[in-house]
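In the part that follows, the structures are each spelled out as structure tokens.
Same chain, two partners: subunit A is paired with subunit B first, then with subunit C.
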Partner chain A sequence: MTLRPKIKIQTVLNLVAPFMGLILVIALFSAMPDVQSRFLRAANLKSVATQSVIVALGALGMTLVIIGGGIDLSAASNIALSSVIAAYAINAGLPPLLGLVLGILTGGLIGLVNGTLITRLKLVPFIITMGMMGIARGAAKWIARNQKIDAPLTWINELMSKSPHPPWLVLAPGVWLMIVFAVVMAVVLRYTVFGRHIFAIGSNEAAARLCGVRTVRTKILFYTVSGLFLGLAGVMEFSRLTVGDPTVAVGLELDIIAAVVIGGGSLSGGEGSIMGSMIGVFIMAFLRNGCTMMGWPNYIQEIIIGVIIVAAVALDQVRHRRTA
Partner chain B sequence: MNFQVKFRILAAAALLAAACGGPKADAPVPAGAAAAGTTTNAAGAAPKTLTIAVIPKGTTHEFWKSIHAGAVQAGREMGVDVLWKGPQKEDDRAQQITVVEDVISRGVDGIVLAPLDDRALVRPVQDAGREKIPVVIMDSGLQGKDYLSFVATDNYQGGILAARRMGELLQGKGRIFRIRYQAGSASTTDRENGFLETLTKEFPAIKVLIQDQYAGATTETAYQLAENLLGRFPDVDGVFCPNESSTFGTLRALQEARLAGKVKFVGFDSSPKLVQALRDGHLHGIVLQNPVKMGYLGVLQIVKAIRGEKIPERIDTGVTLATLENMDTPEIKALLSPDLSILEK
Partner chain C sequence: MTANPDAAPVPRLRGVEDGSALEMRSIRKQFGATVALDDVDFTLGRGEIHALLGENGAGKSTLVKIISGAVRPDRGVMRLAGRPFHPPGPLAGRLSGISMIYQELNLAPHLTVEENVVLGREASVGGFLKRRGVREKIRETLAFLGHSEIPLDVPTGRLSVGTRQIVEISRAIMDRSSILVMDEPTSSLAREDTERLFQVIRKLRAEGVSVIYISHFLEEVREVADVYTVLRDGRNVGAGRMADASFEEIIRLMVGSKMSDFFPRVPREQGDRLLALKALKGVRMGGAVSLEMRRGEIVGLAGLIGAGRTETLRTVFGLDATASGGVELEGRAAGPGRPWRMIARGFGLLSEDRQGEGLALSRSITDNVTLSRLGPYRRRGFLSLKKRAAAAAGWIAALNIKAGGPQLPVAGLSGGNQQKVALARLLHQDADVLLLDEPTRGIDVMSKAQIYDWMGRAAAEGKGLLFVSSYFPELLGVCDRIVVFHRGRIVADRPAAEWTDESLMAASMTGKA
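Our next item is the complex of A and B:
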């Protein structure tokens, strides 16, 4: 009985702790005299939210993959290919909605292929998705004939507009999509059989299989879901750029992985949360935004983000050792 | 248990404190400590100095450093602060959009932008207009009419200079490569067109073996392309490249293949390595833009506009051909090796 309240306090603190990094970053820039009056303005928060959408959607899927003990290095190439497919479809005269759906399905298809190859060939995800990174990027350049696709402007390009139409939306539709899907995925991960099975596979795949978890099916499924999110991220990238650019988002997979890891995801699987990953996304987005507003050179920004990744993971490790 | 959490918070705080101490030793977290001597924003000081954001396509190329030097010089002369910020990854369209949005959020007084894409940057520039922030475009064009002035090299003219030099070097006959830079890049496309159209018109006997291969964004990709092309046509007579990275990558490939000096080579833009190549006779002509002037005029024009003066819609910053013969004249020297010492101060 005496233990109970103590546990509760710890639960609360554990819940708050992940926010600390984010709060610190925001507090830091809010205290800078150069930008303090501007940093927390609604307009700036809106632009940070819009800038986060693509990485956030990618991170939703990547969280599943990483919890399940996998990795997806093809994430950024997937985004590029999906955005090119959406632009190509719309440029070819298909209705925008179809372009959007095709973009998302392209992402899903790449995820499906990743998952299938990983489970059937029994190769490590690192290798399969590294191969897919090149394949998808090459395909994107091929389809776009090695240049950007200037698709006509449609309502798709309004999805990431900072001044949305109709104005009562306040935030860009893409931001709302990000919020809704984050909630949905948090619920899926926590309360559904599928979600729990991902954790089981990531913690101990052999044990999960022995307990009757259909590991192959679950794995293919979470890679596919992750791919669908990357496809959606690709459509959002197209929306933002207004052109389908096959060279977009090079290296973005590392930002996505970093967000998940900063948010407590473990590359050895079995750990991570949607909330944590979203916090990771926003820590990086606010840092970029703040550094740019301060006019700090890019290398400072890169160093800070690098330090934060290492520090976040190191601190997580320390916490674990103490709990263990 | 609280202990762990505290530890985590403390460590994170220490980390961030270190982070904000790094870039600007005097960046005060408590607002009271604003140092007086800094030349950057004197926050809240009585007469407000204008802050002009200058946004290049990248920050590591020599060319952009020269633009930076010109912008800083104009900033000093006009008494305005220059905020220099490029996309974190060179040539990343999405990140450049983010940078434009962020400087709008910061509330600068004007923006000088070298757009990475003539269309993708239209919307952020419109956003600036909505916030009443004037924009001057430099280096590469932008669709629409949401900016005050376009300060740039006449790139087509640069291509013409390169073609005439090539024709003269080859005495009107031979087989050449026209290496292209990157699809969708307006400035280099103009150079490529100026080159090819002049060459086919004025030197019809010269055969263009390769005219649609892209060198890509980096020296490395250019090197690989040139290596492959030279493997296929080792007896080529001339090569044209439309920017610094493709010129340097191709130069490396020519040197590796021991063809440097034998193949007539005309490039674009300067860097110390290219100047050396010109002196060694590995490079037979460099078309030079005037990036220092471009950065300088970009800032000058926007400040004039903010102060209510009328500014021209198009400003040409000129092109010049440098060769072994003229490279030591003072004018060409200043273009070949721009004085960047202003950036060190």
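Our next item is the complex of A and C:
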């Protein structure tokens, strides 16, 4: 069939394109005379990995949401509220494990509410989650009485430590969690009915419904799963800061969405991958890291990341047009 | 897997006892004041290909929607394989073995062939997909249909329309459907794809599957169908064996003897040549179109839906890109160009999609009427809202638009009044060439008569009108000349007086005048 060669180019392009970006960024900074000696050092790589954990966990859930044709603007507020709840619980004397679980469940609850409202009120996710963005942020500030919540240091604060406690771990436990969950979610998307249905809903919701896919349930479920990951990201934020800060992570939802989009996620649904999103996360993390090492001011980073987002999506468009 | 498709194991199909697969008795369905189906009987035999024929609006889609469970009848009985059948929704219909294959395909374009075929029916163990046996079954099904070459791992969005249809049919077979409803399945297919589809349909018939086949292409219908039923104005006006019926007989059943509508005739004379399409071909048009029109002339564009009439108007107006050819206005090259430029040159387009692009529904009548010509109300960059509203009020009175006032949103008006607003925009714009795409679709008789009247007046003023309509009586009543489109080309061009309902229908369906 004449389709064959076309598919190959397509597949190769789809596979390589996101990696290319990452390789390009790394190669670029490794070649810079000022930073080349330090950039690829283990210590720096470790630090980049640790810095990526929070955005990465958020991106794992956001990938599901975006593939399913949705969006979650409340992601960063969710992280803030979850971190405040975790700090609050531990500060109140609850065992750290319970604090961790409560933080994650808070995130899950926000996701559940998002998903339920989107499917029941039949409103676009943009509006619902934009509302939730304010609600969750406000709730976080309210619970924390508009200040940071101090909490006693516990093993939770070790989760994001660059020198992990049993030294054989090498990477912070948070980084390991990120890797494990990335693999788990990649498997879920590819090898489960749930994952297949997310793609179907994002690709053509009417067709999915007609084929007997339980679209409402699936949507609520993927928003909830996404919320759980944001809750975990919130706990990691608390672990890193050692306090529950209701003003943390403002604007982070855009970083998370950008990571998914750079990784090939389509805002019109039906497309995206965990691998791609993780690459998106690391492209942005390496860029930030490299720019900092170069001593470039913050605004340069912002401009570069802005350009990368537009370029990545434009590339995506070109791929689409070739498909059409 | 065997290489020979005929030797491949045949998928088992839902058992249907001998006799009729589906029986419908005294079905009635009313939408508002419109009776879509009135006391319709319909019998579908087992393993037969049953053509459902009729003009647009005859009730075909309502009938199949009732069969699929998407619409519930107000009255009447249905029996599926002898048992009472009242599907509460489309899913129930599908579970009962009825599959719909629409022109707009129900596939998820990002999912692969395999994923689409099993969508909603995925085999799984503990939530994990079980793929191996499934792939074998899909391959068997595709092989049975004679299409083992279709790859399982390609997203369906990348396949041709014809191949996508085969994928949809495979899904229906995997569902063990006993009844397949196909609505205009060939309208966007090339001839060889149509041939492939017919082979598939015949194979299904041999397996005892019944097919309801809706198409406007009468020659294809005669080629593939065993039995036909003709609907007209919501009634079953005739049925029989395809082999026993002549072409003319079927067309006469479809057209019937219609009451002559009221077509006000405004006296007018034809002037100089106004518009000429010179072998114009748009990117979405099936062929190049050449056409001339004089001042004071109303030229009707007849043909089936999808024959290329809308695309021609859109290309002339610059909404669709031009591939080749050009447009001349009074002997000078005048495009095509972007719509704003065409408007400046005196073109006006009334879209067939009133809600989608014809009107800004949430905006006021004034906004809609004046949108394409704000010049008269502009002074130093500011709009005189008062003057504009006064002008709109004038059009409201002239066209007898029933509305509370010019400031009210168009969304609140009836269809007929909305359409008058759309027409008022072109008249206000003072366009010389009016491109009217189904201007009377779905509106009441009084509004229709008023729109015909205004079309006549515009022509009498020396304007030229291209008038697309799928309702032949109005073309015959209003136009000076009628051209017939068939599969993207003009196949006939004659004075309106030389056409009849029957000859228009025959030319539209067969492409032979």
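The rule is short, and it goes like this: the second predicted complex is superposed on the first by the 310 of 324 C-alpha atoms of A that agree within 3 Å, B and C clash if a C-alpha of one lies under 4 Å from a C-alpha of the other, contacts with A are read in each partner's own complex, and residues count from 1 in each chain.
Keep in mind that, in the parts below, a contact is a pair of C-beta atoms (placed from the backbone, for glycine too) under 8 Å apart; a residue touches a chain by one contact, two chains touch by 3 or more.
Remember, predicted model here, so these are calculated numbers, not experimental data.
With subunit A as the common reference, subunit B sits beside subunit C without any clash. Applying the stated contact rule after C-alpha superposition, one finds that A:F194 touches subunit C and leaves subunit B untouched. Of the two partner chains, subunit B is the only one touched by A:G21; subunit C is not. Contact with subunit B, but none with subunit C, is seen for A:E237 once the two complexes are overlaid on the shared chain.
When both complexes are overlaid on chain A, the residue A:A311 reaches subunit B alone and has no touch with subunit C. One of subunit B and subunit C touches more residues of subunit A, and that partner is B. Legend: residue contacts after superposition of the two complexes on their common chain; A:E302 is shown touching subunit B, with no touch to subunit C.
The minimum CA-CA separation between subunit B and subunit C in the overlaid arrangement is 14 Å, rounded to the whole angstrom.
Once the two complexes are overlaid on chain A, the subunit A residues touched by subunit B in the first and by subunit C in the second are 6, 10, 323. In the complex of the two chains, the subunit A residues touching subunit C come out as 1, 3, 6-7, 10, 191-194, 196, 199-200, 202-204, 206-213, 270-271, 323.
Listing the residues of subunit C that touch subunit A in their complex gives 90-91, 94-95, 106-111, 115, 119-122, 124, 127-129, 149, 151, 154-155, 157-159, 171.
For subunit A in complex with subunit B, the touching residues are 6, 9-10, 13-14, 16-17, 20-21, 24-25, 28, 31-36, 38-39, 41, 43-44, 47, 50-51, 54, 145-148, 150, 161-163, 237, 240-243, 245, 247-251, 288-289, 292-298, 300-304, 307-308, 311, 315, 318-319, 322-323. Of all residues in subunit B, those touching subunit A in their complex are 1-2, 4-5, 7-9, 11-13, 15-16, 19-20, 22-24, 27-31, 34, 40-41, 43-44, 59, 83-86, 88-89, 91-94, 97-99, 101-107, 117, 119-120, 122-123, 127, 130, 183-184, 214, 217.
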